[in-house]
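Across the two complexes that follow, subunit A remains constant while its partner is subunit B and subsequently subunit C.
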Partner chain A sequence: MVEINTIKNKLKREELYQKQKNAKAKSKRDRRTTLQKEESSNPEKKEKRLAENVPNTLENTREFDETIVEEDAEVAADEATDEFSQYFQNGLTPKILITTSKGPSASVYEFATELVDIFPNTHFVKRKPQFEMKHIIEFSKNRDFTDIMVINEDRKEPNGLTLIHLPDGPTAHFKLSSIQLSKDIEGHGRTSSHKPELILNNFNTRLGHTIGRMFTALFPHVPEFQGRQVATLHNQRDFIFFRRHRYVFKNAKRVNLQELGPRFTLKLKWLQKGTFDRKGEHEWMFKPEMETSRRRFFL
Partner chain B sequence: MSSQRFYTGDEQGLVKVVTITEPVVVKPKRVRRNQPAPEAPPKPVPTVETWGIPDREKAVQMMCWDFEKKHLAVARKNGLVQLLDPKDGTVTTEFKHTLGKEGKVDNIFVGLFASSESIITCTNTGRLVVQSIADHSKATVLEVGKDICRMRVHPREHHIVATGGKEQELTLWDLKALCKDTEEETPEPSTKKGKKNSKKAPAPAPAKEMEKKAGGPEARYKSKDILANGQIFKAKNVKNDYLDLRVPVWNTDVQFLNQYDTSRIAVGTRNHQIRVYDIKSGARRPAVDAEVGEMPVVAMANGKDGSEIVFSDTVTNVYSIDTLTGAIIGQYKGFTGVATALATFIPFEDDSTAHLVTVAMDRCLRVHEMTKTRKLLHKVYLKQRMTAVVVGEYAPAEPTEDEEDGVVSNKKKRTEGEGDDENDDDLWESMGKLEDKKNKKRKLAKE
Partner chain C sequence: MNTDEVIWQVINQQFCSYKVKTATGNFCRNEYNATGLCNRQSCPLANSRYATVREQNGVIYLFVKTPERAHMPSKMWEKIKLSKNYAQALEQIDKELIYWPNFSVHKCKQRLTKITQYLIKMRKLKLKADERPKLVGIKKKIDRREARREVKAEAAARLDKAIEKELLDRLKSHAYGDAPLNVHEDVWKEILDGEKGALEVDSDQTDEDDSQSEEEEEEDEEEREYVSDQSEDEEDMEDMFEKEYEHETVEL
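Moving on, here comes the complex of A and B:
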């Protein structure tokens, strides 16, 4: 057997390489067909193989994080009295104010319209140049708003979302990316005014819990199941994917989904204690020096 | 295995005792070529003991050792000031101060100090209370201005207090003078002097007090800026900036740099400046004025013998700065949240490396070593947003051979670095106390 890379003649080399490649593919095909035959008669073998051959993914091999919450009485006590207790304990309905940074462009208004559609009980207010954030926060508190969302933009596209929980709740700033408005989604459905159900995936760590609760506090407590609408916030590798679907049960085993509404991705940049204050204390702040490993995630 | 204890306070009112043990340093044996290397002993896990039940109203705002390091003083959000037994956290003494509200903002404690006779506390409204420990009813209430951000008591001279705040320059008060004035005072409305709201004492007392105070600085003060009674030193604002505008004043933290006298004081401001004032020179303007970082200073701690200051700002940076020049020595990395409290300590009494322990809003306690590398040695997740840390006992390891003579066991460490004379004094002082402890006996090196 000659090493292919020692052959100087290109035609010959190519020929040999193709032969080798085909031989490899054939042996793989043969192995798989015999395996399939064996497993069709013996399903246990298949299960055994699947159980053994679990591939390593970044999520499986995630670096150990001691802040992952697991049935902790202290954390539960902390959460029972945190800034969201008005929503969780007292059942306060959320009232959201959506605004933008100063001098926004058209795409920001479009995105804002979508946001107003997603969260029930929302008001959009055009940003006037004479008011700073602290004034806006004060006015909202006076009018009993529970949350403020500020859409930031750069180069005519929305690129940031700041979520401020009132009256003195945390402020979270996210990087917004991959926005697809509903009109750009093929086969998208029409939304109705029913309150959606909420799915929050994978908010494991203590920081993740805080952010997860912040998102929960944006939606009304009791969904209207008749609307069959569901909003999902899925956290994977510190990116939070937002999707909205309408589901329909075809039969006992099968559910069909139709996508509604916008898709966007959020990534937490910083979390500040208290309402937005440029000189306020940051409970968590992303810094590139924190990215020590590909398997380390914070949410 | 040597172990170090830390006491932390958090916003749920829990006091946690964290014990970090250093593993025994095992000399690696020479391994033959084909044989497997021996396994390293497992790294010891820090233990955490929690005292208290979660209750936000009892959030710990300030925490410190009392002067003899027998009790832990804790100041809480609902106005409770407690002295805890460091062994098991039981409350030995408790006082209730009133912490009202100003509009919608709660008043907070900004200073706490405990000596054997009294506890001195200060709130952000400038209400300084000297509470006698023995006699619960005896409490002297003094006014040190409004919008105070930090009050610190000098570790040696317990009657000297430094305050600083929003539009409140660094001021040094003499409590003995202030107390005396309030005792002799007839009930009159307080008069405003400049920005201060100090009580003006009747005629005979000030003449006596003026004689007691240091003569030099006062003589140079302009007539409209006379020191109010009880004040020893009041700083002056720096010169106008390059646009000839007044530089705003907002001091967020104060630290005494010198353990013996009040000669040098460092101040951190909201406009990311670190200033060092030299009282002895008589100058009212800072000797060193450095702009570091871009965000307000949150907390400060003394480094080795007053030449170094470690401070944290609101964007998770922790800098170490030289107090003589104002230059940054380095930055401590690894923080994901604001470091709310810092403390420096030296595990051994002689010149071993200083360590920095910090507690942050990202719910972790970190120990860095204060060498050139500024390496993170330990990180302990503590589940709560922490607000205060106090350095506890250090128990050195059992020596394998008798290498460590002259080291005293179970000596409670000071939070700031010390000079050698101090060590000897304390060594002699504590010798008597060691007999009470039922810990390992050690030979004391008698000089």
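Moving on, here comes the complex of A and C:
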């Protein structure tokens, strides 16, 4: 066969290249259709093929992390006595305060309204310029709030969320991105006042556990299943995706989901042990030099 | 003094690297200049006797230059630390620059005043720094990288599938109880039947007394059917009677 790249005539060269391309595609198609026919009659072959050809993903090839928790009694003991024990063992109902940074814009208020809808028993308070964070924390403690959420803003768009768990709880700051309000989601459903179910996926490490428990402590204990609402916080490669759906079990194998409410993505930037203290030390802080490896994740 | 005039003529008419010409006037960028303007009186290069006030690290000094030290450039400026007390510092300037022309003394005092004022302001601002929003720089490269990775992570997450799987797992593991409110009856029956079927299949596959176990199961089912019909009726009747009885007691 003549090497295609040695032919100087452009028309002829293109023609031959197209022929070669079509021939390749055809052979691939034929191979796949024969494979499909064989496997439709013999599902074991398909399973065998899949089992042999497992692709490498970032999740498969994740760098070894000693902080990944797997049924550890020590971790369970720690978690029984951490700052969330009030919620998990004593059944304290969460009461959340939502506020913003100073001088917010309209989109922040819209997002705040959505947040008030997501978490039951929430109060939104406008940020007054004379009150600093330490004052707000003090006032909320006096009024028995369990959590504070502060929406930070940059250039008229919300870009950060600080979550402070109240009686001396941990403080976590997240970067907010990809916010889609419910009105912008096509085919979105209407929320009801039923308490949602919670799904937390892939919070594997110690840090992930702390954050996961922080999120759990925002929702009421006992969900109302007849409402069929579910709120999901799914961690994938250190990005926490928040979704809300209304579900219906169509049959034993399929569930139909209708998206309600906003979507947004969170990425943990730092975690502090006590309540918010600008000068305090951070238990975990994200630094760009940490992400030297594509296979290294922290949550 | 002769040399001063020569220096000034050269600097002014030819080139001075510290001179900045603007529409409004000429400025002098030399750090030792007391006024900041490019004048015959204010030029530190063209005056062998000169004084300024400058601050280093928040401490204010009076710098004095005399013709006696003009030949030793490294030791030309005498650095005198001024008192932290503003009034005392003013007196110090008067004392050090006694018999100097009023212009120099006046300009030094003006500089002292300005410097003390801005240092006070800086100290006040530092105390309130906690309450001011902390500005964090935008790191474009990192933002771009994170945005890209977020898109890929979302694709890898396959959220809908993950949520569906989790919900089905919860349903099948009976996490919603035995009569769940969030499922249609038919679907729940289908699942329960599926489980029973799986149990039967398992027991079939065990090779111990297959026939006996089948017979036992059939008998059990028959027995179960018989018992369940009877007990349901009895329970309903009992409930009815109990309710009537309770009503009576309440009325009384």
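By definition in this document, the second predicted complex is superposed on the first by the 298 of 299 C-alpha atoms of A that agree within 3 Å, B and C clash if a C-alpha of one lies under 4 Å from a C-alpha of the other, contacts with A are read in each partner's own complex, and residues count from 1 in each chain.
Definition applied: a contact is a pair of C-beta atoms (placed from the backbone, for glycine too) under 8 Å apart; a residue touches a chain by one contact, two chains touch by 3 or more.
No experiment lies behind these values; they were computed from the predicted model shown.
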Next item on the list: For A:S177, decide between first (touching subunit B), second (touching subunit C), both and neither.
Entry: second
Next item on the list: For A:R206, decide between first (touching subunit B), second (touching subunit C), both and neither.
Entry: first
Item checked: subunit B versus subunit C as contact partner of A:K287, first or second or both or neither -> first
Check: Looking at the overlay, does A:K102 come into contact with subunit B only (first), subunit C only (second), both, or neither?
Finding: second
Item checked: Contacts of A:N22 with subunit B and subunit C, given as first, second, both or neither -> neither
Check: Is A:K279 touching the first partner subunit B, the second partner subunit C, both, or neither of them?
Finding: both
Next item on the list: With the two complexes superposed on chain A, say which partner A:D72 touches: subunit B (first), subunit C (second), both, or neither.
Entry: first
Next item on the list: Identify which of subunit B and subunit C touches the larger number of residues of subunit A.
Entry: C
Checklist line | Which of subunit B and subunit C A:F225 touches, first, second, both or neither | finding: second
Check: What is the contact status of A:T81 with respect to subunit B (first) and subunit C (second): first, second, both, or neither?
Finding: first
Item checked: Intersection of subunit A interface sets (partners subunit B, subunit C) -> 279
Note to self: Per the contact definition, I'd like the list of subunit C residues that touch subunit A in the complex.
What the structure shows: 130-131, 133-134, 139, 142, 146-147, 149-150, 152-154, 156-157, 159-160, 162-164, 166-168, 171-172, 176, 180-184, 187, 190-191, 194
Item checked: Of subunit A, residues touching subunit B in the complex -> 66-67, 72, 74-75, 77-78, 81, 206-207, 273, 279-285, 287, 289-290, 298
Notebook entry, point to check: Within the complex, which stretch of subunit B touches subunit A?
Noted result: 12, 14, 50, 54, 56, 270, 295-296, 298, 314-316, 333, 336-338, 340, 361-363, 381, 383-385
Checklist line | subunit A to subunit C touching residues, read off their complex | finding: 57-59, 101-102, 132, 175, 177-178, 199, 201, 225-228, 230, 232, 234, 236-239, 241, 243, 245, 247, 249-255, 257, 265, 267, 278-279, 288
